[in-house]
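Each structure below is given as structure tokens.
Two complexes are shown next, each including chain A; its partner changes from chain B in the first to chain C in the second.
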Partner chain A sequence: MAEHVAKSPALDVPPEPPAKRIKLSPQPKKQDADDSGPASPSATPLVADLAEQLDAQERNKYVKGKKLGSGQYADVFSAYLVTDPTQLVAIKKIKVGAEVKEMGISYDSLREIRFLQELDHPNIIKLYSVFSTKNQNLNLVLEQLPQGDLLKLIQDTQNISYTPADVKAWMLMLMRAVHFCHANFILHRDIKPNNLLIAANGEIKLADFGLARSFADPYQPMTYNTITIWYRPPELFFQAQFYGGAVDVWSCGAVFAELISRDVLFRAWPESEMNMVKLICEKVGTPTEENWPGVSKLKGYVTPTEIQPVRPKDYWLANFRTIGEIGVDLLMKMLTLDPKVRLSAEGVLKHEYWTSAPRPSKLEALPRKGGGIEVMGEDLKRRGGEVPGKENERGDKVARKIDFGAAK
Partner chain B sequence: MSRLAQQKSSPVARRDGGAVRPPGDSLLTPQDGELPTRQMDRMSLSYSTHTDSPATEVCPVCKSTKYMNPNLKFLVNPVCYHKMCESCVDRLFSHGPAPCPIKGCSETLRKNRFRKQTFEDIKVEREVDIRKKVAQVFNRREEEFASLREYNDYLNDVEDITFNLINNIDIEETQRRFKNHEDKWKENIVENASLAQQEQMLYAEQQKAEREQAKRRREEARREEMEERKEAEATRRDMLRRLENGQDPEEVKKERAAVQLKKRQNRQDAANRQSQLKAADATNGSSSFVIKGLKNKKAKLEPEAPVDPFGGLTFEHSYFSLQDDYVWEGLREAKRDPLIAAGGYDIASFTGRALCEAFSGLGVMVADEAVERERLNEPETLSTTKAEIAAKDVKMEDPF
Partner chain C sequence: MTTRLSEDDIYRTSTQYRLWSYSPAQLAAQRKKTHELAIARARQNASKDGEQNGASDLEYLTEEEELQLVQRYCGNIRSVADHLKWPMNVKTTAVQYLKRFYLSNSCMTYPPKEIYKTALFLASKTEAIHITVPKFAASISADADAILAPEYKVMQALRFTLDVRQPFRGLKGALMELMNMAEGLMGTLSNTEQKTGKEVQAAMLALKLPPPGSKTPWKAPSGTLTPTHLNDRIRAAYDAARHLLDAPASLTDAYFLYTPSQILLAALHLSDEPLTSFYLDTKLPTTSPHRSKILSTIQSGAEMLASYNPKGMSKEERDALEKKLDRCRDPTTKDLIKSHAAMKRNGVEEGKLDEEKSKRRKLEREKSSKEMDDLFGPSLAGGKANGNG
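And now, the complex of A and B:
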């Protein structure tokens, strides 16, 4: 199998996402040196004809149903197979944006397709196939995840209560997904509770790969203007262009804290970068050369006027004591200022938190929105959001994955 | 306020001595997990006049009434329990934590903690909250105590603490006891909470299984009855037909009796089998019964495999092994560049990726790929998509 999964010429993607997906901060001009200009959408007519036929065939396999939700750049519908109405999928219809006129296809969806087809993991949403419609609308056929997202659970403080063991189970699934991405050299760059969808059986699925990218080569700068602002790590506020998996680990740490306190950890208001840095200084500590060698060399670093020393363990314990001392230790190591010192996803999974008491909750014991035990019992019969009986065919729908050594 | 466990009473003086506590001097910080203890006194003062019928309820902040606006909904925040309407909550707290607008109340409230009032009487609401909080922390189980006596003493203490918290008696001392217990039993609390949850789950599951079994049995019985009726009808018709055809009535009668005997025996066998199955079901199901009423905590936690954080995933490279460091001209500069290091860029992850990509071609069997391509071009597999077709033909540089 080839090490690059080759793709349609139309899938030749320009580098970083355009302004539309910029996460609430002004777009810096020309900051990406890897901005190599748009690639040519040069499908040969023959391929295009055939492709159109195939598209129609793929499209006609599904019956579209009610809307499941919509986001900044897509509407998501429920759908089922014509041949078997019990087989549910979700069709994510990409909204046509400005760049579509230019490119014929949206960057974000390309990222999403590109990475999702490479990743096959129980905690990462599955992409079954892709088709387009007349007006160049791109449709991703995804596994349907009918239980909403983690944000809905966190916010429903009236009806949903959960235990430290539940938090551990959710975080473990999240960290496995992130570790898997990193082990496959992919950065997600948009980890937050509403991108963590919940499958019928309670499994967490990392979704929305619209901002993902592969690890950069040395000297290949990346954008610092990524990750939803509340979940963005300090190095990106300081405009670092060479970064790694540590950015996702910070976001995971923020999700961890949010799960425990049921409130956003760094809720800057108004949502400016300056306020975010202020909040991070206040809650974690002020980044200095002492606690983060080299930080002052970063382009966006502002020499602080007053210094909040790095918060000690007691401070964290006072706020997050429900997860115990070991849990707090992990949380602090995920929210360490210096990305070199911050745990990697692998380091997080090696922490003793996971194996110490309490055991992470079993899937069936995890709280879920609405539908009581009865409904859940029904759901449990099906595995995940998987289309029953489709496992073997899936590989044929989506371009084949890279074989990363012996990833077993 | 009611005291549930009527056991030995605490000294009366303590109860009378409950001073009005100034707000904000609680031992616990106003966060989740906090005990709703404050301000009850002031609150009952300001609201005793407002417990009128729901139709004339007035929002103390914007003065809207149910009469003017039938959709008016009231919310309370379990920090100070001041009631206000939903639109006031939206307006005041959407931009983050803000002070309670009720005059004289200085609590900082968060929007996501507002909720509908469950009980009409706000005092009951607060008592239920306190009871919930206490029950969460004081969740020791009977099986942890050597004797029933000790368990009862413990329950009594818990009720004392609950009573004091509800009535603002000896509040500092009580909160200290609460916190001491919470710290001392931290791990046990967490463990018992998850045990309780598991039991609840098991119980619910078992109830469901029982209901399903009952339903199956009913259906089975109905099916049998129908079959019996059908059979009887068929035999009757058969007999009539034979009589019409001029067979000897005695003969027909005898034959019919024999057939019916045989059928009855078959049914008997089936019934036996059914009851055997039922018995087997019951013994299988009984394992969850044991868990439900089990006394011994240790026995309840069946040995489970230790948690594997990696979920059985290992990343082994079949073609190479990674060194800690590579001396290569192209990387030397990067290693020294403070900008690259400060942002958290990890050179080792690059060398790892480079090697992985360099070696991943070794697993390719060109012949297999060709066969695959053939297959894709056959008409019956035309269900493939645009992306795939191209996937086999076009080699793409990493464009990101």
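And now, the complex of A and C:
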């Protein structure tokens, strides 16, 4: 890490105190010192324009510190406010890849910036600011979430135990975030445990809007190649191009089940779409015209050779008894095959599960220590659709194979 | 402790409201500030070059001329978008990007000729049209580098906010509601005078006709009105309003001064005033303390849309203005492509490895997408470059 800092030209945030870093700052007196050197003779105008001034103001608010993680898509740094060093933030510096010649600024970053700028909710990662640096890197200033992600908690069966009340608290925060997105006409399209980060106070924060999009107008087709494969709903495997919030609700249902059983609900292996459909048929039921009117008209629908009738409540109870009968009822309604019947995010929030015993755990009672600040670095550096871990270990090959950058 | 957010509350959290909404005075002050800064910069350049006799202020673009130029290139964006058959939302977003850009930049620093294609390309990405730079450049016979070079500059001027809230969907909502009312399917909201669906329908049939000068082409038939006629009236009002939401709403300052719902109601008001007043009355009680303010806002919005003049400049005026701009343009920003390349060089050196990595990744991706095609058949629409996202 240290050598990286030395190698890059001070990472665009020189170590001097802010007063000396006048580069583009608005004090008119300093203009003559504003010589950007031979590399960019015409890059810095004499009087910085207003936009540049504002950009510089944002940049100068933060002091960049230790690198928390580094990936193909972004580097993540810890940073703090110049005016108050106790105020920590994370700066996600997006890397410029070879595809820049084809696309310019990538879709992933534009989507993430566009949507996070609009969303202000306690359970959605807060984007405080965006600024650019002289090498034309985009820097996203995000809230620092030092307690790792939900996946770390789920997987650490050795050290972490949690209760149905904890699951309820986490799911409630997740569903509030998702409902808020939908109320703002935004589909997240990549909900999974490792995109649910945990704040210092235990709050869940939905992150990674690299695959998000705003609701399409009626008749405007969308891609079905989205959402990490294990969390993808059946209609997308059947290549539906017109869909809504129900796709996110399915992913939330899969997260719900994973939280309870501490195992991925639809862990297709090998990770092919065909195996996913098989698993969904086996665990939920085979989609047919009876349980999902219209399904056979979807382009990717394959007429099944054998039919697994929709699993009754007893089947679900046998596997998810710990959340009680009411909880299982909600789970089934989130994992309903027909997206028109599946609950909406608002419908989920109105379910009696939330008001029946046990009460959701208080924030301070939720288990922590999911991994520390470095985990946030790991979480944020990824690109949408990727799953952490070694290749092929907890991978979702198909999702990674799909080129989201150029997705239609 | 829970609070329920109203639609208004949600709109107020949008960047369009927080960063891009002004009072007329604020908007004028912002443009003045930008213009003055550009002239100060130009003077400074002149004295630095030792040309003490430098350009006199007469030779700089006036604020008014800057606005005319921006307007002209907003028109260009619209014709390019039409040429590419891109939907309305892309066109609208791109025009707002350009207008927002010139709130903090002067045409003398960055001539709109060099910015407008970039604004349109950026809008195509945020509005989920999928086209590569080389393809886009080729389809409008432009240079790909020239499109990419100002991209960060544009992002910066947009203050990294990309969402443009538009009135089209809201207008469609109004259309659907009005049609349901005409069918007698909708009573009024509980906070206004209580009416059943049938009463609403009857009141609608008794509405005054659109006064002369209304934008709607609908004319009352002879004889008694039927719900079918009502339906025609609503359709016609909608079409006229939608037309007003295109050029007039997008090319005036309406987006800076009004919310999307105010804009759409202003457009409806211009097309069929009695119908629009009736529609408002079903939602807005006469006792509401905000009523007069809301109505006068819609009225002034309507005046703004009505004031839109589609004529623009003549070719001679345009050429004269461009020539004037050539003389007074900021020499330090002349070669955006070169300075962009210089910046990228710095950046790439720092991230050279990453570039190799991403090249490798691209190859892998290509390979795997081929595998995917083998497995699942090719993707839809045969690589058509638009539509989905």
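Everything that follows uses one rule, which is that the second predicted complex is superposed on the first by the 302 of 408 C-alpha atoms of A that agree within 3 Å, B and C clash if a C-alpha of one lies under 4 Å from a C-alpha of the other, contacts with A are read in each partner's own complex, and residues count from 1 in each chain.
Assume a contact is a pair of C-beta atoms (placed from the backbone, for glycine too) under 8 Å apart; a residue touches a chain by one contact, two chains touch by 3 or more.
In this text the structure is predicted, and so the values were computed from the model without any measurement.
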Which of chain B and chain C A:Ser132 touches, first, second, both or neither: both
Partner chain(s) touched by A:Leu54 [first = chain B, second = chain C, both, neither]: both
Contacts of A:Thr322 with chain B and chain C, given as first, second, both or neither: first
First (chain B), second (chain C), both or neither touched by A:Ala183: both
Touched partner set for A:Asp217, first chain B, second chain C, both or neither: both
First, second, both or neither for A:Gln241, with chain B first and chain C second: both
Chain A residues touched - chain C or chain B, whichever exceeds: B
Contacts of A:Thr355 with chain B and chain C, given as first, second, both or neither: first
Which superposed partner A:Lys67 touches (first chain B, second chain C, both, neither): neither
Partner chain in contact with A:Lys313 - chain B first, chain C second, else both or neither: neither
Overlap of the chain B and chain C footprints on chain A, listed as residue numbers: 7-9, 39, 43, 47, 50-51, 54-55, 111, 113, 117, 129-132, 183, 213, 217, 241, 398, 402-403, 406-408
In the complex, chain C residues that touch chain A: 5, 10, 13-15, 33-34, 37-38, 40-41, 44-45, 48, 87, 89, 104-106, 109, 121-122, 125-126, 128, 130, 132-134, 144, 147-148, 151-153, 155-157, 159-163, 169, 330, 332-335, 338-340, 342-348, 350-351, 354-355, 357-359, 361-362, 365, 368-369, 371-372, 375-376, 379-381, 384, 387-389
Chain A to chain C touching residues, read off their complex: 7-9, 31, 39-47, 49-52, 54-55, 72, 95-105, 107, 110-111, 113-115, 117-118, 120, 129-132, 134-138, 183-184, 213, 217, 220-223, 225, 239, 241, 272-273, 299, 398, 401-403, 406-408
In the complex with chain B, residue positions of chain A that touch it: 1-16, 34, 36, 39, 43, 47, 50-51, 53-55, 57-58, 61, 111, 113, 117, 122, 129-132, 155, 157-158, 163-165, 172, 175-176, 179-180, 182-183, 185, 213-219, 235, 238, 240-247, 261-263, 267, 269, 292-295, 297-298, 318-319, 321-322, 324, 338-340, 342, 344, 349-351, 354-355, 357-362, 364-365, 373-374, 377, 396-400, 402-408
Touching residues (chain side chain B, partner chain A) in the complex: 29, 31-33, 95-96, 110, 112-113, 115-116, 186-187, 190-191, 193-194, 197-198, 201, 204-205, 208, 304, 306-307, 309-311, 313-319, 330-331, 334, 337-347, 349-350, 352-353, 356-361, 363-364, 369, 381-400
